[in-house]
Amino acid sequence: MDTALDIVTIGETMLRLSPPPGVRITQANEFDVHVGGAESNVAAVASQLGCQTGWISKLPASPLGRRITTALQSYDVELDIIWDHDDDGRVGTYYFEPGGKPRGDTVQYDRAGSSVTTLTTAEISLEMIKSASICYVSGITPALSETLQTTVETVLQIAQSAGTKTAFDLNYRSKLWNTTMAKNAYQSLLPDVDILIGAERDVNTCLDRSADPESIVRDLASTFNLETVILTRGKNGVVALSNDTVFEQPVYDAKTIDAVGTGDAFVGGFLTQKLNDGHNGTTCSSIEHALATGAATAALKRTIKGDIAAITPAEVAAVRDTDTTEGISR
Amino acid sequence: MDTALDIVTIGETMLRLSPPPGVRITQANEFDVHVGGAESNVAAVASQLGCQTGWISKLPASPLGRRITTALQSYDVELDIIWDHDDDGRVGTYYFEPGGKPRGDTVQYDRAGSSVTTLTTAEISLEMIKSASICYVSGITPALSETLQTTVETVLQIAQSAGTKTAFDLNYRSKLWNTTMAKNAYQSLLPDVDILIGAERDVNTCLDRSADPESIVRDLASTFNLETVILTRGKNGVVALSNDTVFEQPVYDAKTIDAVGTGDAFVGGFLTQKLNDGHNGTTCSSIEHALATGAATAALKRTIKGDIAAITPAEVAAVRDTDTTEGISR
Amino acid sequence: MDTALDIVTIGETMLRLSPPPGVRITQANEFDVHVGGAESNVAAVASQLGCQTGWISKLPASPLGRRITTALQSYDVELDIIWDHDDDGRVGTYYFEPGGKPRGDTVQYDRAGSSVTTLTTAEISLEMIKSASICYVSGITPALSETLQTTVETVLQIAQSAGTKTAFDLNYRSKLWNTTMAKNAYQSLLPDVDILIGAERDVNTCLDRSADPESIVRDLASTFNLETVILTRGKNGVVALSNDTVFEQPVYDAKTIDAVGTGDAFVGGFLTQKLNDGHNGTTCSSIEHALATGAATAALKRTIKGDIAAITPAEVAAVRDTDTTEGISR
Amino acid sequence: MDTALDIVTIGETMLRLSPPPGVRITQANEFDVHVGGAESNVAAVASQLGCQTGWISKLPASPLGRRITTALQSYDVELDIIWDHDDDGRVGTYYFEPGGKPRGDTVQYDRAGSSVTTLTTAEISLEMIKSASICYVSGITPALSETLQTTVETVLQIAQSAGTKTAFDLNYRSKLWNTTMAKNAYQSLLPDVDILIGAERDVNTCLDRSADPESIVRDLASTFNLETVILTRGKNGVVALSNDTVFEQPVYDAKTIDAVGTGDAFVGGFLTQKLNDGHNGTTCSSIEHALATGAATAALKRTIKGDIAAITPAEVAAVRDTDTTEGISR
Amino acid sequence: MDTALDIVTIGETMLRLSPPPGVRITQANEFDVHVGGAESNVAAVASQLGCQTGWISKLPASPLGRRITTALQSYDVELDIIWDHDDDGRVGTYYFEPGGKPRGDTVQYDRAGSSVTTLTTAEISLEMIKSASICYVSGITPALSETLQTTVETVLQIAQSAGTKTAFDLNYRSKLWNTTMAKNAYQSLLPDVDILIGAERDVNTCLDRSADPESIVRDLASTFNLETVILTRGKNGVVALSNDTVFEQPVYDAKTIDAVGTGDAFVGGFLTQKLNDGHNGTTCSSIEHALATGAATAALKRTIKGDIAAITPAEVAAVRDTDTTEGISR
Amino acid sequence: MDTALDIVTIGETMLRLSPPPGVRITQANEFDVHVGGAESNVAAVASQLGCQTGWISKLPASPLGRRITTALQSYDVELDIIWDHDDDGRVGTYYFEPGGKPRGDTVQYDRAGSSVTTLTTAEISLEMIKSASICYVSGITPALSETLQTTVETVLQIAQSAGTKTAFDLNYRSKLWNTTMAKNAYQSLLPDVDILIGAERDVNTCLDRSADPESIVRDLASTFNLETVILTRGKNGVVALSNDTVFEQPVYDAKTIDAVGTGDAFVGGFLTQKLNDGHNGTTCSSIEHALATGAATAALKRTIKGDIAAITPAEVAAVRDTDTTEGISR
């Protein structure tokens, strides 16, 4: 690694197996294969939008581990993989069954004991973290094992000490731990966080908040001394606070084909624009611009199968800056 | 067969061949293969919801006949198959072309002279029928041949005499016979029926009714001495009468992927719940509960490809008992 | 060629390659193959509705050239192909990426220098044109090369002189030329046109009109001495003028699976009905009937994958003449 | 029909449905769709090799009937279809299960009572037959119904009287009739035949021959007064007699992907070359050349999925006239 | 369970995921889904050949667990499933990558800690075992966990005490344990075994034998007091000893599409025939007949995708009793 | 670019579109999408075997251009892409139709005028070339345009001057130029080449040689002052000369699924091993070892779909160093 990365991330990426729409897992004769994880989703999106991004993880030295690196390399994400040569090493797997009223999409995890759960700070490239502009982790990673909880804590501390901005997305997963465990973990991590992203429901449940959005972001920012707080509110858009100012960003309308990874696309778009180095066809780094970029990226994600938004800066700008997507461009 | 079945059914099951959405049969290069028939759809749904169910039919001793048993066995339906060793034996086949405004789904039958059309009472296991709790037949079966009309009549008589409740779904098919023929057949069958299910339009056309729903169900119940009458009214839900009380059940909202088999899913859900043996996660056998279970099962069916709802009791209960299917469960 | 054709067309037909919905071209592992071009789309649609139709073009003598004739022959379109034996001959190709809010469908052309761009009047069967009832060309053809612009001009003149009605659809394509070039070409072609079809936007941009629809069609008809002018207005339907009378035709509601070729389906339906020879199950050739037939054909097209509406006269009549497409026909 | 056809054919064409290699029909979730029939296979092959060919048949006026015309039109075969508007009209269907040692390919017919079985001479275009150079029928057609047996007899007589050469391929199918029935039919047809093609086994079984190949072809030619007799002997190639001279033609080696239609490809290639009008890139009409063309076409067929050889004259000539197919042509 | 089973089995069944031939797992975009496990493969094969068979196992109460029961029920195998409601319950999974010289097929297991590894004798239906004619287990089951090793030991003892014949297939898997562990386990199990099947290599490696086949089977039979010993020798066929007589059975030639499950198909065919109740179209129960039935079933398996041979008694008999599979049966 | 690359390559990479086996392009309804080009194939193979590799090219700034970078990035090849923003920029495309006796695989190019044909030395990163250990180009690149011929010449000169070894594979393509043109180009390039790879046939045809292999390699080495000459002889293996010693390497037997890219896989394997930095699990850099590595990589390629061998060092070593690939590894 020679050049400093714009965004470095650390976490688990899973194999995602899904039957076609309208087919139940119990009857499926083939699964579509995708690769996804909150942190690598963010890295892949930001890479496509022009950032130098990296992803740190641990994978079994097996075809399945390499299936994941194949996917992430295709998005030009810089990888620091600790290869697990243990026979029992495994990749996390999840089965995604697309639904539709009156049943939702469902996720069946088979991820316990994956290789990444043993990842320690000693194994990873601290230089990659220290030299980056932003270090991003999601709340899923500390939920995977005690070892990872410690690793995340250490990584965030090292990053902040080195002047790398830290970004954290709560991402509470009820199938991995309960709200009490999550709350404890979040509270020991938040002192090392600069930019906090959280779904309103997760903030309410895991951080015990229950006020109007603006009050919540003000409260969180002051409680945890955060530079930026972003409260994502589903169809109600986003309320954010940055350096004491509150912003609102509505969602862009989208025809959803696959909702998985929408939040990660938002984060990838937001962080890229915030770094303001012209990657997105504009050098404006205002928080408004960054939020709009995130929202546009998220809307595009919903039209694309898989966890990762395959997009270009121009497509994001078109959604963000213009109105018209009617008809066929030809 | 040792244990008495909860629900025994008798009828034809066809091979269903369908091109992908947006592709016309005239251009199709591959057909998706499914298996469906009103009675076996009901049996497969009820089996998944916890009943012991059976299906009686006649099939050619050929790969196509076995394609059908393969499918129904996968749902753990108990089979009593009369194997037709005649070279000319055939399975009924239908080609299903999914549409969408301004053209509807269309069905092209190729079912004339299928093996089941020669099925006589002498060939089947009467013990299976006599020992069951419910014997279900649809109005399609007597439409297939005079032989089958006689067989259905005899079976319903034998069932009632043996204390097995009889359930009949009008299911008028204009491509098989006309309303006069159907009316004559229905009228000779209805004296042996306990539970009648009928679409409002079929009741109007084939049973010459034309009143408000409540009047119709009261009229039918008293005319034919029925324990239960269920009038299905499409998007307007269901009006039912049971032991002189009238009930209404609205439909659950659904994103339809495949509407075929919706009515059968309703019947499968309704009958299972009505048997009240705790299979559905509740021991309540009230008619309200049964109608809601039927409606929830029907709504789930619409999200699933093929004629048979692949579902679990828990999924049905979730639709019936809760409101929320937003988001992704993970 | 012995019998006179009802409709003869001349133009380019391309290979269309498209990833499945939700998959980006940049990630695609397989492409669906279709064949499309404005003129052959019209010919294929009209052929299915009962016309004798023909298509004149130039194709490389290669598997890809033959892929195109295979497709058009399947619709029983009479072909007059000039086979290009030059090694550098090529078929036009376009990559179609289906979108969905907030990104539209996109088209990536790879059609420069295709064999048809060198097609001259000397190479084609003038008898086929002179003996036909209608000769149809779209505004895409003159945009492809100067040679083709000359060829189209000559063909329209020859047709008109021979008593063959000429039909022209503006079909402005911004990826092929600019509005100035288009305007010049259109203005030298329009004197030889009898029936003009144009999208409102194209008329405004390329023919410098900007009035209410009725004024525009009156203006165009008198300026260019047109028998019939059809202004297509997207969801607002169609405004037409024929022999000094103005007509309006709304669109039929449709669930769009593939919008490409909708305009061509309209033209194919309209021209067929206008020829009034009973092909469509009615011998009425009124302009109202023709517009309704076009609109019904166009609505059906939107439900079908590929550029060509695979339809029957009966299906078109059902949309045009009745209201009900609810439920499943069985 | 204006121009006389080179080859006119009459018979049944079926829908062929097949699971992928290695998948049993009893487990199949999708079927590949192809279209095949001995006579239309011959017509499609000869059309691609440059002949004007036609196919006469009767089909239900349904999507399935049109699926068949779509396929044959794509090969530019001229069609004379009697459309069966009877609700009970059907297309013959067959299920093809590809095998591999120790099980062979298997065919499951579902063709009884198809529309074509009622086709009478009165319904068809006799002009098409009288004006053609060759009229070809296979021994499958008279096996389908007594009506068709009469129709075939009449057609062959009319053809011969009009100076159209008649060609007949025994094609005995044990699933359709027995050898006694076939023998009777063949013997009443053979007096009207000019060119006889027959597999050695069929000749032995149905025409009671059992000698060496040369003796058999001599015997058949003199017994039935045949211009040409072709005895096909599987891997042992072909022995033919034409105008008292005997010829031998070995098979070309082929990697078989799909053996169905190999014999029809041979016939299509042979007849085309025999007509000697330069369609195959040579104007030689010697019987040797024709046999070699047939054998080359047959070998190519084996490499192609479906019943019909999709080929070009150049490809056939390359197999027939050169040795080398090693490597990749690029 | 009322009627006694012919064959009861106990073990693990896994989800098998495989890319198409020629595609590496590292690049795969979709996986074909199959279900396989030595014991259930045997049960499914024997069921199709006419036996009443059962399979006992433990599965997570999840869509993936139900995916497995769906598959086995489709073969009409009687199931005794202990449903694991623990969140951490999982199905064993394996990724199968089809190869071809110079790389073989490869298997990547992800099966550690699957639900079945905790299956105890107390959980299962002993009645099902005691009343069966044969109880079959493979050497994979004791390799999965110490708990299962104990369970298998107890089950075999209970079976033998109850007069149920016990059959055991060594099936050594080097990815699960080493030869020392296997040897210890096998030696404590073999005293409870009546019928032993073993690959020559496994017998040599894990049971320390190294003599000619006949000596080995004699030695094993006397050492472990076995009724029947079958030594499978790959392409060299099978050498068996039963009641002191030695038999040889060559393999039937096969075009291999999928070799997985070949051994299980042999066992299923062998045991079925040995039970001699006419299921296979012959009432002969001689060991020769049983070995030939096993070999024929095994050869057919190789032509079928997935772990389970989808076959009929007639197909097996055709391979076993006749020579000819040339050509197409039609 | 910070670290020096092991192997830098420059050339064209095309989109490859191919119908499934047994389907002709003229009938195809879908194309499999792959990406291939001699130089990037070599880079992708060597990258997987452990080298740092790079690929320099020019691509249209379009989804199709990015389809190619997506593929190559997935193999972790370092890219230096000049993005062509011209509307007329295009990717080279080729249609690959898999054959099988008696027709070979065929390739249909549609690559004329692709963006790379305008690539000049001024546009590319010379530093990347100068710092690399090896610079590899194939003889296809100079065949694409005069501009590219000049670019290749300059690049080889600059590389050699900077101490970067130059490797050149003749790769004569008769569809791109003739032997005279190729000979002239080769002769002006060879003075700047260190390592020459050439198929025996190309050497004979384009370099006018016609002796036994050993004489040819000696002759070429002395004539052009080459460090290493490798003569590839199809099934006869390879004869090589390095520093005056002659070596022979037979081919490893392979079941060919896709032969495209076999030669590039050989080069990728050979060059990697020759660099001797332990990437391949051995630090031996002997020419014998390198040739065996190349041959093993080539054999593996033949079992994999697409132009690029997806392999691991361990798989290559297994073929090279051991004999046994029988059976299934589990």
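Should a chain be cited, it is by its letter among A, B, C, D, E and F, assigned in written order, with residues numbered from 1 in that chain.
Operating definition for what follows: contacts are C-beta pairs under 8 Å (C-beta built on N, C-alpha and C of every residue); 3 or more make two chains touch, one makes a residue touch a chain.
For clarity, every value in this text was computed on a predicted model and none was experimentally measured.
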Length of the shortest touching-chain route, subunit A through to subunit D: 2
Listed by label, which chains are in contact with subunit B and with subunit E? A, D
If you average the CA coordinates per chain, which chain's centre is most distant from that of subunit E? C
Determine whether subunit D and subunit F, two copies of the same sequence, contact each other through the same residue numbers or different ones, counting it as same when over half of the numbers at the interface appear on both sides. different
Farthest-lying chain, centroid of Cα atoms versus that of subunit D: A
Taking each chain's centre as its mean C-alpha position, how far apart are subunit D and subunit E in Å? 46
Starting from the mean Cα coordinates of subunit C and subunit D, work out the distance between those two points in Å. 38
Contacts with two or more other chains, residues of subunit E listed in rising order: 24, 26-27, 29, 66, 70, 74, 175
Applying that definition of touch, give me each pair of chains that meets it. A-B, A-C, A-E, A-F, B-C, B-D, B-E, C-D, C-F, D-E, D-F, E-F
Tell me, which parts of subunit F touch subunit C in their complex? 17, 24-33, 62-64, 66-67, 70, 87-88, 90-91, 93, 95, 97, 108, 110, 112-113, 175
Can you list the subunit F residues touching subunit E in their complex? 74, 252-255, 257-258, 296, 299-300, 303-306, 310-311, 315, 318-319, 325-330
Which residues of subunit B touch subunit C once you look at their complex with the stated criterion? 21-24, 26-27, 94, 99-107, 109, 173-175, 259-260
For a test of understanding, state which residues of subunit F touch subunit A in their complex under the given definition. 2-3, 66, 69-71, 73-76, 312
